[in-house]
Amino acid sequence: MKKKVQAKVILQRKISDNIYDLRISTELAREAHAGQFIGVYTNDRSKLLPRPISICEVDGDRLRLVYRVTGSNTGTEVLSQLTPGDSVPIIGILGNGYDVDDLVTNYRHPVLMGGGIGIPPMLQLAKELEERSPYPEPYLNTILGYRNSDLFLAEEFKDLSVVHIATEDGSVETKGNVLDVMDAKIGTGLGECDLILACGPMPMLRAIAKYSREKGIKAYVSLEERMACGVGACLGCVVKTRETDPHSHVNNARICTEGPVFDVDALDI
Amino acid sequence: MFDGRPAVVKDTSMNTQVKIAGVTFKNPVTVASGTFGSGMEYGDFIDLSKLGAVTTKGVAPIPWVGNPTPRVTEVYGGMLNAIGLQNPGIDVFCERDIPFLKGFDTKIIVNVCGRTEDEYVEVVERLADEPVDMLEINVSCPNVKEGAIAFGQNAKALESITSRIKAVAKQPVIMKLSPNVTDITEMARAAESAGADGLSLINTITGMKIDINRRTFALANKTGGLSGPAIRPVAVRMVYQVAQTVKIPIIGMGGITCAEDALEFILAGATMVAVGAMNFVEPDTTLRVISGIEDYMKRTGTEDIGELIGAVR
Amino acid sequence: MFDGRPAVVKDTSMNTQVKIAGVTFKNPVTVASGTFGSGMEYGDFIDLSKLGAVTTKGVAPIPWVGNPTPRVTEVYGGMLNAIGLQNPGIDVFCERDIPFLKGFDTKIIVNVCGRTEDEYVEVVERLADEPVDMLEINVSCPNVKEGAIAFGQNAKALESITSRIKAVAKQPVIMKLSPNVTDITEMARAAESAGADGLSLINTITGMKIDINRRTFALANKTGGLSGPAIRPVAVRMVYQVAQTVKIPIIGMGGITCAEDALEFILAGATMVAVGAMNFVEPDTTLRVISGIEDYMKRTGTEDIGELIGAVR
Amino acid sequence: MKKKVQAKVILQRKISDNIYDLRISTELAREAHAGQFIGVYTNDRSKLLPRPISICEVDGDRLRLVYRVTGSNTGTEVLSQLTPGDSVPIIGILGNGYDVDDLVTNYRHPVLMGGGIGIPPMLQLAKELEERSPYPEPYLNTILGYRNSDLFLAEEFKDLSVVHIATEDGSVETKGNVLDVMDAKIGTGLGECDLILACGPMPMLRAIAKYSREKGIKAYVSLEERMACGVGACLGCVVKTRETDPHSHVNNARICTEGPVFDVDALDI
């Protein structure tokens, strides 16, 4: 059941340029799964709407959120000032995440791809996939795309998967984006890829959609759009779909409710 | 420097029921169209049976796809939206949304939109035999190219569409007015003279936000409708002006966040109030408004909410 | 999920000067009439010589006593005012305020008000030989019974008064428009066609607040003008619409709190911007806006502020 | 020179029903005098205007403010949540206070009158008058008007003056208002009163204006009005004056700038 509650800040630290790692404790954590998100409200009454932030990790009654401060005088800047003990209002758990059982059962060589601030949600996904994996060794490959050598979370993925890194400026590993890694490392385990699970900026997701169709690889992507309600009421956050959406009866699905995770084949992006 | 607050008095057996065009609402609180879907999405947060009414998202004769995204953006003390009246069309609405709402002990106000007079009329006719309590006609959406606001910014057009709808409507007809006009009372008079049973105001005020970093509009539609607490003073003013002008009841809305805000509208002349964008912020705003109005009535020894309607002149 | 911010580039020798009707302002930032007196009261807080211009409180032919109190009240993200154009009259203004302002290295924009066309004309004539740089004609104050907004809500009346003023004015004439209209572009066209050299927008939006405990209006005048960040999206929208409609320059205002806000107006088409109610909140808002615009120009490699004016279409 | 600065909260406590006692440290304190006020801003960005609050006491670089929380969801409620160490933006020092030298020199039997939340500014006034008093014994009388037995600050006035109390409900001393005390205690030192210094609700001040004119007693009152700027720019806070005001050139004086302390004879109230 979705709820609006006051979560408690356990810890917050800056983990990279403008990137913050926030741990909160909330009753909602126990219902949270990979790919879902919450809406985080600021205590600044001039900024009323919730900020959608993905579940980066779930640990008992704790949620980990990793988010970027997008500029000065933004809601995320306000959030970055939270300190342990503070209350922060959240709404959740929102959206449909990944069907991890299905993924574990039906795909042998998943590749996770995270670009920029699309990286955090991949962590909980990697964790859930690994937890339910029937294989003795880590069977996941993860490609993480950064702008430059200001990496974040990369180390944590290494415990769960084989990690490949792309940087726009070429300062770490492959120069380019996550798909450039696929091309460059086709001879490695990546060549066997039968499933792409991705989150990142729209151009990256569009490229992945194209790539996966061309190669006939199944792909699920996690989308982002401006949201108001986060619960499916305002119709603010839609994405175009190929087929008529069963809820809206037009070719639009609500990212906050039907998504944010979609089978790329369902989307018209 | 005394604050003049009336002393708290004893609880009385209070009446919070209000009546509009023969329809009785258990309390004066509904939701603003488009901010609550048809209620399904807020079922986790509140018991819909506690509301005076649920006002649904605007519905057209056929499904509308709405505007491109981004459709919403936050602004200081509020938000802009340019949803563009995406809706599944009246058929789906009658099959799915009305039966869903009939499961609750609340009234149903259906918000109607269209591109032409004929389209509005089509939806109204289609609803004639449906178990809905009231129709709210949206002639004030600023986010669609045809219809909608055009009717709401021209007294003649408003009169014409109101008459046509009244001629076919089986339920009471509330015309929802646009604040984007020079003289709201002129529009109110036009709707009243054409037979409207009540008025809803205000719809959103047309606004714009520019993303200075991307050098583009924050909304794909360029402009959007401003709502939230930022617009409340404009809404209260218009409700007051209209209440001094027409005799038909008013559903007041625009930035209601709490009971105090709702009471401003009621004292200014609104018979009912609607909570809009604040549903997104505090999904239980409506319930807090309802109980807060009761508290105020107790505190001020008000036995019937009717005593409050339009009490400030 | 990249934010698309342009990378920071090297400092360049930038031009922040803007020109309106032949008058050059060292930067595009002034204050909104009525929020800054004639500058005397803010001398403790900022160096007036840093401003592009000081725009003075509206001045009439003779002293006006203004409205009864309460004249101001706070609302969510802004305030309402119903000062009622209290002013000491043009004689005192010319003897006291203009000489005071001449002591600073800034331009002087005098805001003019009146109850009748003749009164406006009288003030404008009286200012003909005074060392003021520009006139801003307030045909949009919602807080006085006669004149003012009546001219700003009727295209014909606006055209007429603009023509008469232009016929006698020795300084460039900026008409200050009211947002309380159905179609702001109609008003803008009327002013332009009558010869206005520029337009200021927006004045305040008419609003109301009710004190639910005292059961009365928060303002003695019942209604007041809404200003502050709450109205910014409406102001940006109107500046944009007008910029797409007329060729004359625009001074944009309404809820500017910082450089980012000011840049929204400039990108939407304003040549200058004015800080209003925020002077009351952060008396150095103007200075922060000026330096913030410079920072933005540096960051985006903008050599001339002219490149930004109306750059979002 | 007026400034907007960040003051630091030293202490805050509730001293009566809805009445808070706030001590802040600020460079502005050294310029503060009896009768003046500051504008206190909240950190709630939906409430932008400063709240005018009188100087209750000045102590080196500290200011004491005593204020009432006027209701729920008000700015003063937000202020009441400030705790030691917090920053609070203030603007000041605002307004013209009392000309204490003149008062001490020219009047022998001043009576201070404070009604309700008009009491706090009288404390600094009593302090300054006593400090500069040429008389060995406290020469001040103070009449404090309260609603009921929920007194505040009364004890502190006792160190500086002879204190008389009026309560609306008669629960402490004289039943009625401050002028009822004047009538009831005319036989005491109050009978010699040659100066009234008052702050309180408008009806009280109006009654004092009438009383002082009738008795030919000089009276200075401290007025209150809704303010926006607090510095004289917006013309929001005027009071009607008998003569044309030299600044406004109409019969209106700005309470924030020409006041808040006025000779009642100058006012049309």
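Lettered A, B, C and D in written order, each chain numbered from 1.
One rule holds for everything that comes next: contacts are C-beta pairs under 8 Å (C-beta built on N, C-alpha and C of every residue); 3 or more make two chains touch, one makes a residue touch a chain.
None of these values were measured; they are calculated from a predicted model.
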Original post:
What are the chains that chain C and chain D both touch?
Top reply: A, B
Original post:
How many hops, at fewest, get you from chain B to chain C via touching chains?
Top reply: 1
**OP:** Return the chain pair with more inter-chain C-beta contacts, choosing between A-B and B-D.
**Re:** A-B
**OP:** Can you check how far apart chain A and chain B are, centre to centre, with Cα atoms defining each centre and the answer in Å?
**Re:** 36
Original post:
Which whole number of Å gives the spacing of the CA centres of chain A and chain C?
Top reply: 45
Original post:
Just curious, how far off is chain D from chain A if you go by their C-alpha centres, in Å?
Top reply: 58
Original post:
In chain D, what residues contact two or more other chains?
Top reply: 45-47, 71
Original post:
Can you list the residues of chain C that touch 2 or more other chains?
Top reply: 3, 5, 76-78, 213, 229, 260
Original post:
Quick one: do these chains touch in a line, a ring, a star, all-to-all (complete), or other?
Top reply: complete
**OP:** Could you please specify the touching residues of chain C with respect to chain A in the complex?
**Re:** 1-3, 5, 76-77, 229, 258, 260
Subject >> Parts of chain B lying in touch with chain A, wherever the complex brings them together >> reply: 34-37, 40-42, 44-45, 57, 63-66, 69-74, 76-79, 81, 83, 86, 88-89, 92, 213, 228-229, 277-284
Subject >> Interfacial residue positions of chain D with respect to chain A in the complex >> reply: 44-47
Original post:
In the complex of these two chains, what residues of chain C are touching chain B?
Top reply: 3-6, 75-78, 80, 153, 180-183, 205-210, 212-217, 222-224, 226, 229-234, 236-237, 240, 255, 257, 260, 263-264, 267-268, 296, 311-312
Original post:
What does chain D use to touch chain B in their complex?
Top reply: 46, 68, 70-71, 73, 115-118, 147, 200-201, 224
